[in-house]
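In structure tokens below, several structures.
Common to both upcoming complexes is chain A, partnered first by chain B, then by chain C.
Presenting the complex of A and B:
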């Protein structure tokens, strides 16, 4: 059964993407709004997070409670999140309930009440979220890594600080909503048992007359990079490393993915084998890939006991650098098998597909057919991966540790 | 399309369950082995966890690395976990790779090498896992809650202690494997694009001649219950509460689920509304249901700042007790919608179905058809839920807090 992918970009700049999946009864929907935390004013960082919580506290004819109940009554499993560049609104339910859910989301996105009296409660939750970070060392080391690795405001933490949260007013929430929510650059994606003509007509009716500008251009500062340490009396030391890679859509993108998989895809991968299995240095060690439109990075993480932390950092850095010395055909075969299997599994999930539609469109301006992804995976070779690593070796690194003592950086 | 569920119990006591899902290309497999941490000898707690890690370090003709690579080469996404009563081995990949994966799992389960030289590395990892708990306060409060709420050894933590881990020897790992791994009581379940006759024949060939006893009977001590506090200088206070419910399979089971959903299903649920939205006491608050064959509990959790902890505990306890005063039809409608939507979504996931097959069989000795579950959800009423809560009110509670200061227990 070939994929049935549809898309339409309305005159006001909003893009609708859909994938019909015949053999499911559910559907997932995904709104990607270019209103992430990088657009927060410098003195009110945390505003996007506050807005994302405020926006669900009443919209259109419904107050906060009525809105929650209306979505609950449709069986919508849902989530809102704030990233660097986007706010994401995600929901999944029976396909037959999607049209009713879309009506409610149109209220949320276009007619939020943003009630004044909810600001203090929402701010209190935002402060709690910030305080919880103090006890979550893994999240905290990543916050510090992002802050050092990406040029600000790209590396900013969406939670803000007590001082920036305190400055937020009902008026600034309303102003930020009006400035950052609009059809231009917004992507709506739906995957599951949907009826495309009816879906397109409904989205046109709900969003077609919306007007508004897109996200402003970002001015980036210079990245800090280098070495950071967060001193904290903990039982474990957290280690996080980042260095540049090629962005999604770059001709070397699949080779970059292949390199990360050699390091960290499956239990036979290099980091798992060398750091965890052979030297039993730590329980958790992995590498992953993160991308923006114009820049990307390899991210590596290890959490270990304080007395093994130095060795863990050293061995991890050695493994990252050793990639350029060569990759075996056996490793590439393993990587291909893992990637192919994960593509097939994503293809069966409405939620994964709704996310992939939006993400492909945002980065590439088109949706990659599954066959294209499979062909790229089949075509991966050791030579290609090594060539990529030689062009993009682990350098300009950012290394952040969190624990009672800083580590030496001899191997960098 | 009606469900296509198959089962066969072999003469040696092993049960094979399968669900054919025509429209997927993947399949998930699940081995449930009655060898959980409750069967660890008193002076070697942690043995099941050590065994679960050792068992994948070489089996049959393959050493540790060859075993990892063989599964990676089949694209098997996999996981091993140790629960109170079972060890679980889970894998998912292309359906066409399932037969080859089964051959490897037969080696792992029946012919593990349990190499002596791997014990020290595995023990070092187990110690790291134990130490990581020190920094993971949410996990730690749950460990202490289980220890107090369930009669030992049911409430035991699988991680053991440094002293019990130290006592484990290569001989005790081997002995524990021989004592606790066998076909009796073992459940193998597979869901996805499978061929039942071929699957049954293969499992018979791989496991049919295996002999062995089942898990020994458990002798339970008296539960501790009551009130516990773990003193720790943290920014947040963790609160965990447990009290008895009816086990899975009990005539009131669906009413019990309904009650938990009134408390915690969806954003319009009582705990979310009263604790988080109205009083903004905490970011995370939820209730869930946990079951053994002969006993079960409602579990509630909240994580909050230290200064709001007392009020959070008080309000949460009030909400738990208030259930008996009545449930509205509107709430039940909301609960039904949420449960129905989640049943449909689980029905579309090979991994969820493989898990559900095994779980239904273990608790009920049969697999519930989706129609039966849907009919039970449709039949849920406010009267039924309130009757359940009156029969099973929040009493004999266990309450555990973790933070700098203990809380008062006036509302209990």
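Presenting the complex of A and C:
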């Protein structure tokens, strides 16, 4: 059965994407709103996170409880999250309940009540979120890595600080909502057992008359990069590394992805084999790829007991650099198999597909058919990956550690 | 959906549910063994053995095992709990023969001395990793406080000392006793050919030894009423666990218990959400139902600012008292059911989700339960059944454990 993908961009700039999946009973909704934390005013960082929590506390005719109850009665499992560039609203339930859920999401996005009295509890939660980060060392090292690696505000932490959170007022939440929520640049994606004509008509009725500008242009500062250390009494030292890669949509994108997979695709990949299996230095070690429209990076992570941290960092850096010396056909064959099966298995998950539709559209302005992705994966070769790594070797690295003592930087 | 079952001569059970429209096939080897089956001298051996299974056989080195899985694009892993050790892989249907070849082969591991010493270091790293996670430490301490000398209080990871002291021979002896045919269930879900699978399993597992692997100490947990504070000055938030009795894995009341946990402490619209998280008093508060062989428990967890903890404990106490006295409302029950319906349907859409459900159901009940059986069982939960759960397993005797910056707390009245 060929993929059934649909698209419509309305006059006001809102894009609707859908994939009909005949073999499931459920469907997932995904709203990508260009209102991430990078747009928070400098003195009120945390505003997007506060807004994302406030926005579900009453909308349209329903107060906070009634709204939550209405979604639960439809069996909607849901999540709201704030990224660097977008706020994301996700919900999944039986396909037959999707039209009713859409009506409620239209209220949330267009007619939130943002009640004054909810700000204090929401702020208290935001302060605890900040506090809880201190108990999550892995998340904390990644926050510090992003802050150093990306030019601000791209590297900003969405949580803000106690000082910026304290400045937020009910009026500033309302103002930020009005400034940053609108149809322009917003992507709605739905995957599952849906009826396309009815879905399109419903979205047009619910959102077609919405007007508003898109996200403002971002002014980026210079990145800090280099070495960072967060001192903390811990059993393990956390190590995080970032270096530039090419963004999604770049002609070398698949080769860049292939390189990351050689490093960290499966348990037979380089980092797991060299750092964990051969040297038994850690339990967790991996590399992954992160992208914006115009820039991207490879992120690498390892966590290890303090007295073995230096060796773990050294070995990891050696492995990252060694990639340029060659990749075997065997390794590429494994990478192709892993990517191929994850693309096919994605077709079993409505939420994975709803997410993929939206991200393809955001980065590429189109949805890649599965055949296109498969052809690109089949075309990956060792020569292509090595050529890519030689052209883009690990350099301009940001290395951040968290633990009782900083590590030496000899290997970079 | 078609279900099949077959038992090999050595007692190994094979079960499968076929879904022709699935894009993948999920396979799992469920070994009915875990921390509760360990004596204290070998604490942590089940989990350590799970790691060693990936370290190779006479036919494969550790690197071969990983590369062979990667070569077929498998999505594979394993986990160990108090009662089960499960090895699984999801693959595209054309790779089922290779997946069975690898999984069946590694379940007869060589346990080579050199690999054993190397992997011990990885296990010690894993223990150190969890030591840095306060919520997990609180869980482990609370479990010990509640279960006390009941085998379910055994730690899955073991301790640094117990893992360091473990020998290869002790592990081999444990393996020989526990990894026998009748103690293993192979579960498959998704797109595959039943006859073909049966032949493969018979070929690879037919010669595995049979034998008895009885589980000792299957009994209800006494459940201690205790109150404990573990001060950790480097931790920022206070992390609290409360454990109380609940129905066992084979109890007819288990679905009602699940629904009750959801009404009390689901992450949306539950009583604890509205009383603690929504007003910003705690960053998380939830209840989950854990069912085991012979017993069960409700785990309530709370994470909040230290200065708020005393007040939050009183709020929790009030919520437990209230539900114990008045039960739940018809609206709450209806709402929980609509959540369950959607969650069960969605989890079943992926072969990996169905395989886990099939394997667990066979391990605990010795029978097949379709998705519709599960949905019907949840549909049949009534206010009366929830009352019965509360009467039989009251929220009265609880083990409470707080870990974080606080040095002391008062037990709420």
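Convention: the second predicted complex is superposed on the first by the 412 of 412 C-alpha atoms of A that agree within 3 Å, B and C clash if a C-alpha of one lies under 4 Å from a C-alpha of the other, contacts with A are read in each partner's own complex, and residues count from 1 in each chain.
By our rule, contacts are C-beta pairs under 8 Å (C-beta built on N, C-alpha and C of every residue); 3 or more make two chains touch, one makes a residue touch a chain.
For clarity, every value in this text was computed on a predicted model and none was experimentally measured.
Superimposing the complexes on chain A yields a three-chain arrangement in which chain B and chain C clash. In the superposed pair of complexes, A:369 makes contact with neither chain B nor chain C. Of the two partner chains placed by the overlay, chain B and chain C both lie in contact with A:129. Look at A:404: by the touch rule set out above, it reaches neither chain B nor chain C.
Shared interface residues of chain A (contacting chain B in one complex, chain C in the other): 22-26, 64-65, 68-69, 71-78, 92-94, 97, 120-122, 124-125, 127-129, 131-132, 134-135, 137, 234-236, 265-269, 273, 276-277, 280, 282-284, 303-305, 330, 333-334, 337-342, 344-345, 347-350.
Those residues of chain A lying in contact with chain C across their complex are 22-26, 64-65, 68-69, 71-78, 92-94, 97, 120-125, 127-129, 131-132, 134-137, 232-236, 265-269, 272-273, 276-277, 280-284, 303-305, 330, 333-334, 337-342, 344-345, 347-350. The touching residues of chain C, when paired with chain A in their complex, are 21-24, 54, 62-63, 66-67, 69-76, 90-92, 118-119, 121-122, 124-126, 128-129, 131-135, 234-237, 239, 268-269, 274, 277-283, 303-305, 334-335, 338-339, 341-343, 345-346, 349-351. The residues of chain B lying in touch with chain A in their complex are 22-26, 56-57, 64-65, 68-69, 71-78, 92-94, 97, 120-122, 124-125, 127-129, 131-132, 134-135, 137, 234-236, 265-269, 272-273, 276-280, 282-284, 303-305, 308, 330, 333-334, 337-342, 344-345, 347-350.
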